[in-house]
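Letters A, B and C mark the chains as written, and numbering starts fresh at 1 in each.
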Amino acid sequence: MFECALIQGELFRKLIASVQDLVQDGNFMCDANGISLQGMDSSHVALVALALKKEGFVEYRCDRDVTLGINFANLAKMLKCMGAKDRLSIRAQDEGDSASFVFESEDSSRVSNFELKLMQIDQEQLGVPETQYKAVIRMPSSEFQRICKDLSAIGDTVSISVTKEAVKFSVGGDIGSGDMSLRQSESGDVDGDDSEKVMIELEEPVQQNFALRYLNNFTKATALSKTVTLSLGTDMPLVTEYKMDNLGSIRYYLAPKIDEE
Amino acid sequence: MFECALIQGELFRKLIASVQDLVQDGNFMCDANGISLQGMDSSHVALVALALKKEGFVEYRCDRDVTLGINFANLAKMLKCMGAKDRLSIRAQDEGDSASFVFESEDSSRVSNFELKLMQIDQEQLGVPETQYKAVIRMPSSEFQRICKDLSAIGDTVSISVTKEAVKFSVGGDIGSGDMSLRQSESGDVDGDDSEKVMIELEEPVQQNFALRYLNNFTKATALSKTVTLSLGTDMPLVTEYKMDNLGSIRYYLAPKIDEE
Amino acid sequence: MFECALIQGELFRKLIASVQDLVQDGNFMCDANGISLQGMDSSHVALVALALKKEGFVEYRCDRDVTLGINFANLAKMLKCMGAKDRLSIRAQDEGDSASFVFESEDSSRVSNFELKLMQIDQEQLGVPETQYKAVIRMPSSEFQRICKDLSAIGDTVSISVTKEAVKFSVGGDIGSGDMSLRQSESGDVDGDDSEKVMIELEEPVQQNFALRYLNNFTKATALSKTVTLSLGTDMPLVTEYKMDNLGSIRYYLAPKIDEE
């Protein structure tokens, strides 16, 4: 028997929305410590990895490891039926062929119960090695989203270059070229809200090219976190990470476009 | 000569919007007591009946019975030209081939006058018998709208089942199944606003299946009233009624899907 | 070297948006006094003329006359990357084949630099004679926008007729006919905000017909000014002018539909 509950079911809906454009289906791996999910996009250029810790759930019980094979579009249809402030419970029998998703309004006057058919998905779990990155940028997630969306109007590929002072996003295309630079915030720059700051940790300057199409996909996760962290190295995948307080994180890995440099 | 006026012309626009997706055209029957309209959808599964009482109008004069044959899409185009706070007057000569719709802004600085060509529509007026229903549910109209819309993502047919304690909307489809239950409100449940409550009057438990497509059509009337009343019997049409304070009501009748039970 | 800067870059974006649906590309003529632009729509029925005075810019330097041939759709793509409160600088070398557009956030933490390729555009500058119009109407630009949009649902051609008391917009079509009249405001009519008033200056009554399609195009400029001025004569183009405080104005000229009168 696997069972877990979130006070803010909405968060889970946003998580699925952050995954479903990149991968169609995948295995939720549930064990005593939490839930994880990995998936590659169909062209094998991008990888999404979700890690939810049991501490983030208001209830969590996993008698033995369970794998739930889920079609995300179908799950999203069911999660659409959840009210904005509903509590969400997920339950699955050890050998069952469906999982149940229960939405409950705050005052329990409305209870919804959905049974989603599960799938058998053959999927290898990839080990993603912990690496030392040359540059790590933390910035407001909405700013990153806007930059990726805006630059897409000019070209397909963005060049991200990082120095101690600033991170620069450049693009070129038929109509011309452009770049947007964000300066590292100084201590006194932003009052109060730390999430508005741009923070750069640099070992050495880096420049890499990436397909904007994927980055735009990743920014679906903007709703999950006020900040995003970009980790870059040379000829290494970019890691785009959104952290959700004590619930865990969602990470996207994207291979650089080597040929275009 | 027929003439009537509404302080809130907007209300009339919403009424037409609530009818026009279901029926293309119809006869406004105007007599000394008010205005009524009936129409069946093209597949003869659903019926809409509008009844406006003269008491709801700020001016009402009907020298003798008048039938105005109206194409709703065309009327809607004209009503789009009405300001949100305009007063609406409708006028028609006894044997005229057009009706005039006059919109006047609050301070009379803007006056619009539209002449809509009338149609000859052969249409029998159906007598809808007053029946005793087994179950009558009053609930927030926005809640009903949301349930119908959400469940449509899972399947085509909703099963509505009513007990003394709750009303349950169930749906099944290829991807799984789901149900949403609304508990009868207790006296202390909702403070102040009675329209937020779910009230169930039950003679005996009922369960019937209906096509969600039509229910979604009916919920266009959500803008007209904070609450909706659903009346159910066995093998009888569902009545979905939206009441507009002292102006009257709009009712939708929908035959159950017998074969699928 | 040509260089200019606007505190509110947003205004320039709205200007380009007000032009680009009517004309695809055009020459920005920059001289010591300011920037001007003229363009005809592809059917040669409408003309747009933009005139920006150097006094409206926070910086303005034009060593010698420069012509910048611009594709508006491409420029609009770049201006989309400008933040809502960014400062805009435009720079061009005397003989360059590109112009640079720089967007800077208020606190200078974000700086974007875009290079737009310029075009060679053969275009005659038309002299538009200053004329005495029979009727000049000043009205809220949003009201004019709404009228043009709403009447388009009924027919293609609007007849504008002006008397001392009121301006009337009439339309006819298959489904019927309609007109909207705006009464000249009296001194005490609108408290405080003068831009809400309808002001009519009349030499003699006028009535002319115009294609709504173009008027709807012109109303893209509604975002630039709270009021619009319509100037009419007999068998003369209508002038639709939007003034931007001290920056200048955008004018649209539209030939009347003579045949339909």
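What we mean here is this: a contact is a pair of C-beta atoms (placed from the backbone, for glycine too) under 8 Å apart; a residue touches a chain by one contact, two chains touch by 3 or more.
Chain-to-protein mapping (UniProt): A, B, C = DNA sliding clamp PCNA.
What you see is a predicted model, and the numbers here were worked out from it, not measured in a lab.
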Chain contact topology (line, ring, star, complete or other): complete
Angular offset of chain A (DNA sliding clamp PCNA) relative to chain C (DNA sliding clamp PCNA) [C-alpha, multiple of 5 degrees]: 120
Same or different residue numbers at the chain B (DNA sliding clamp PCNA)/chain C (DNA sliding clamp PCNA) copy interface, by half rule: different
Centroid distance [mean C-alpha coordinates] between chain C (DNA sliding clamp PCNA) and chain B (DNA sliding clamp PCNA), Å: 44
Residues of chain B (DNA sliding clamp PCNA) touching at least two other chains: none
For the chain A (DNA sliding clamp PCNA) and chain B (DNA sliding clamp PCNA) complex, residues of the former touching the latter: 71, 74, 77-78, 80-81, 98, 107-117
Of chain B (DNA sliding clamp PCNA), residues touching chain A (DNA sliding clamp PCNA) in the complex: 143, 150-151, 153-154, 175-183, 185, 189, 198
